[in-house]
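You will see chain A twice below: alongside chain B first, and alongside chain C after that.
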Partner chain A sequence: MYFDFKTSYNDDIRLIRRPLSGLFYAIAFGTALFSPLVISEFYITESSAIFVLGIIIIGYMISAGMAGLVGLGHAAFVGVGAYTHAILLGAGVPFLISIFSAIAVCALLGVMLAVISLRLSGLYLAISTLIFALAVEHILGSWETLTGGYEGILVPDPIIFGTSFASSINYYYLTLSALVSVIILAANLMRSLSGRALIGLRDSEQAAASLGINVLKTKSVAFALSGAVTGFGGALMSHQIFFITPEAFNMMLSLQIVLAAVIGGLGSITGALIGAVVIGWMPELISQIKALLPVSIRYQPGPDLVIYGAVLIGFVLFEPLGLYGRWKKIENWLLTFPLDRKATFAKTRTYMKSERV
Partner chain B sequence: MMKLRVAGLKQYFGGLKAVDTVSLDAKQSEILAIIGPNGAGKTTVINAITGLRKPTAGTVWLGDKTITGLAANRIAELGIARTFQNIELFEHASVLDNIQLGFYRHRKVTLCAELFNLPSARAEAVNARLAAEKILHYLDLVSWRDKAVSGLSYGIRKQVELGRALCSAPSFLILDEPASGLTREETLDLGYFLRDLAKNRGIGILMIEHDMGLVSRVADHVIAMNEGRILAKGSAPEVQSNADVIECYLGSEMV
Partner chain C sequence: MPDIELFVQSLANGVSVGAIYGLIALGFVLVYKSTEVVNFALGDLLMFSAFAGWSLSVALGWPIWLAVLAAIFLTSLLSGIINEAVVSRIIGQPQFAHILLTLGIAFTLRGLILLIWGADQRSLDSLAPDTLLEVAGITLRAERVQIILITLVLVIALQFFFRKTRFGLALQALGENQMAAYLMAIPVRRAISGIWMLSGAIAAIAGLMLAPLLLVDTNLWLVMVKGLIVAVMGSFHSVPGALGAGILVGVIEQLAGVYLDAEYRDLVVYASFFAILAVFPKGLFGGQSAKKV
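Then we have the complex of A and B:
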């Protein structure tokens, strides 16, 4: 049994609310900080990739999970972030200026997407973001003078104030600090009134408007923030790919982002991180599954998509709150232990809603 | 003392005259009730006042400021709060989060301050929380504070929606059938809250209500509507004894 003692409202606003979770975060951070000293090169590189994915998925979570603007085209932000960064670095712009420019460009792109899909929601919004991503991919491919077209461009090494972050261990710390900053910013957003306004938008636009929330402006803010964070991830990701082509940012990547968010649990930072870990290891997992398949279909491009699709459907059907939601249920059971409260998470009756106000 | 005035309001949907030349005056510290059969156009009137739909014609003033046709969020910022006939809550958020969002119109900090959790943002979070806690205590919702709204009973959800509107500290509160679906006890409590809000806190209340018992207990003025027009205005007993109103309700159980 656990009792929550609070003595001031500040206790509730703090990021770390319980001593136990403080310990947990400390251990997680400590592990992340020191593990490169013991793990092999392969795992260091693999972990950096997961940190970057984590940033991208937190970016997606801001629009899809918080504001309920479920898009299917976040690869566009990853791509534009990566290309802006690579092009600027190639032109000799210093790393930090280049990466902040990439973030700014992606934020603007987010506002553009918001303007395009201003009054759309649900399926129509999903389709419009999908088309948006296809268009962006196409532009990246055909604007050859700038992007090098489908032949791609080389990404210069990350050098910050004369220090190279190209080695796997330096890059590991670069991406880790980027991820931690993004986590803190996202957590700050979630506990602010603006963050709650995003949630308001998701659940009832009419009620949100009747509380003084400017629906269109808040949507744009959601897309801008989401685009900025995702683009930041994209810029970092470019250093992992070394040589970027438009195909690196196609539908498959968008699908992976959605999948990660759904597996982890839409709407929480922890969920986004869990999703990043799972998706980060998915290719490994898939190659193991493929090894079991008959040779005739093993090398076809199909199975990957089928497996991703099947996992997505499985989660939507059986674990709609994601792995983090499952953990929350277990945690709740532990905290209230002798008092088993099945009803807490039981599906409740939803009251009829009509279109009329 | 501020007034909320509506003059010559019309709302046509194609050929249907849902609201046809309605005028009314609501004052702070007073409760004005609108009664009328289903489809009379009551909800349409308050949707036009609160900016959810631009009226076909007519003017709405808040004090001496014309607010006709302003966006809903602008009108909310000016201090008009409302509830909805079909309860519009943020289902996947807690009671506390729902009520705290009522504070949104008092938000002063920038997004940047919030992202970096600057002292100004922290101070505002505490203010929002204080405002919400006062409401939780006032409406006796403390024990539901951290519950998700989606799991609550109908009566509690209505209370939460009222609380969210109150948390914006409005000068006018517009309620669409606040007592529908409530038990007898809950309705009695609601009557007490409404009197207190108007008489002791100076809020002007405009409410649509079918429960004539509640209306005659709390309302200072009553307007009866039918087919988009006003049938009668006056005190509750006057309106209830009006011949047109009686005829309109004849055969229905509402009188």
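Then we have the complex of A and C:
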């Protein structure tokens, strides 16, 4: 159970819900703005990678967390965004036009996916998005005249109005501004009419339809927006990998996006950012853990998979709401200090609820 | 080779590969029918069976039939343990939680297999003798005939099991309504574990028949994707539906491989998957059913 202490109707749709969280956002933004002055080159590069990951995960969150359309194939959008951007840049198109074309292509791809899977939901949707991503990866690999096939293509440096953003510090500010605009977009979306329609769709499709929400249109909007934001992230990501191949956008990336969303907490922007930080640092963490292992298995891919799997299992079993959900519980305990009881968040006993009639 | 012979030959190959896909889909269908969980770890259970079969028959030198039986038993046991230890804990949570949980199990299992056996490729012998059979002017490998026969026998046995036996009927009741089944004194937890073991055993049989056609390596789990396609096409409910859709996918794949570029084989399968879903959103064998509000 969660208590929201509201005192006016506007509390529901305010951008900054509490004065304290406004302070928190300001501190976070200030830290991000000024930290390149003190941290080393390595951390600057790592942080921009996390910002880009954050954009991608917010993109996923728009369809999975808000509209409840849980897909397992968002790597397709990342891949198409990256490839469109790289191909257009390679053809000499200016950076801004190229990146907006990448966004448009991904939005179209999202509409396409929506049209294919409009009548599907739940499990079928998850499987069909998984297959969709596999098909896109395959097409990227075999359309050699355009994408260079499995040999990959080189991504030109980002140059906006004659300024190069290739250096790590410039790229850091480029990704930071992109992330901030995406956060503002997503936050505003969540309090706008169409965003609330998405949430209605998630909670009950039938109820939403009976309240006059056009389900098919809203689903297409959800996929288009989600695809566009994810593709934007993909286009920015292409500058980090320099040389893109279809294998960079395989099923593992799709699953990493899902993993990040779950670890952070599905359904909130803060959760998406927490997830991005955790997943962004995961390889580093794993290499720290691997250093403790015997030499014979230290350089194998096995331990990585076991750790990823164990983390996912642990979160589903013990904290399905993710780290953001855990933080919410702690925050609630602090806000209601002497009143909190053990049973506040106690799980009730559940039985299997069938999705069939 | 004359055209018609090539066609029939690839048709037969398609049917035998499709039978394996059908079996994998059956592994999904059985668990889904009774618990509405899709076990994304099935591909890795299948891979485990192939590696276990290799270890027993090649590394330990057991006779192949004994190794195959033992591998099937081990995989079935592992599947049951996975259900008891992990999956049964989240009964009643939304479907999304189950998808993520079984994905997590799949990662862990794949990582452990990599740790135990490494990434080398191995080859596994088949139960069938390595001879060619001549049926009505078409030569078939004994291996392929054995796959089709075993699958047919399994599907008929399963159909009999679900329709006629007490335990099979109890499992069907479980699929309809768990709470009601529980009130009718059906041991729900034990029955679900039984279903998981059965599903694991079927995946193991599919894996051990597939491994001789391909190689035993850590990409073997990818065949799960084909199994999922087949299960969706076959509507996730019926046992014969899974087999029918499996054979359809197998034949499409083989014919696309022969008459188009081999590179487009998988793409044609994906495209036909979406085409069929667009026309029949409930799969080819789906009846009328509505969703609860």
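Annotations for the structure displayed:
Note that the second predicted complex is superposed on the first by the 329 of 357 C-alpha atoms of A that agree within 3 Å, B and C clash if a C-alpha of one lies under 4 Å from a C-alpha of the other, contacts with A are read in each partner's own complex, and residues count from 1 in each chain.
Note that a residue touches a chain if its C-beta (ideal position, glycine included) is under 8 Å from a C-beta of that chain, and two chains touch if they have at least 3 such contacts.
Nothing here was measured: the structure is a model prediction, and the numbers come from that model.
After overlaying the two complexes on the shared chain, residue contacts for A:290 are found with neither chain B nor chain C.
Once the two complexes are overlaid on the shared chain, A:221 sits against chain B while remaining clear of chain C. When the shared chain is aligned, no partner comes close enough to touch A:328: not chain B, not chain C. Of the two partner chains, chain C is the only one that A:128 touches; chain B does not reach it.
Shared-chain residue A:213: touches chain B; no touch with chain C.
In the superposition on chain A, A:258 makes contact with chain C only, while chain B stays out of contact range. When the two complexes are overlaid on their common chain A, residue A:196 makes contact with chain B while staying clear of chain C.
More residues of chain A are in touch with C than with the other of chain B and chain C. Shared interface residues of chain A, touching chain B in one complex and chain C in the other, are 204, 206-207, 350-354, 356-357. Those residues of chain A lying in contact with chain C across their complex are 70, 72, 116-117, 119-124, 126-128, 130-132, 134-135, 138-139, 142, 204, 206-207, 255, 258, 262, 297, 300-313, 315-317, 320, 350-357. Every residue of chain B that touches chain A in the complex is listed here, in rising order: 43, 47, 50-52, 71-73, 76-77, 81-82, 84-93, 97, 100-105, 107, 111, 114-117, 121-122, 124-126, 128-130, 133, 150-151, 154, 157, 164, 168.
Looking at the complex, you find that chain C touches chain A at residues 35-36, 38, 86, 89-93, 95-97, 99-101, 103-115, 118-119, 177-179, 225, 228-229, 232, 236, 263-264, 266-267, 270-271, 273-274, 277-278, 281, 289-293.
If you check the complex, the residues on chain A that touch chain B are 9-10, 12-13, 185, 188-189, 191-197, 199-200, 202-204, 206-215, 221, 267, 344, 348, 350-354, 356-357.
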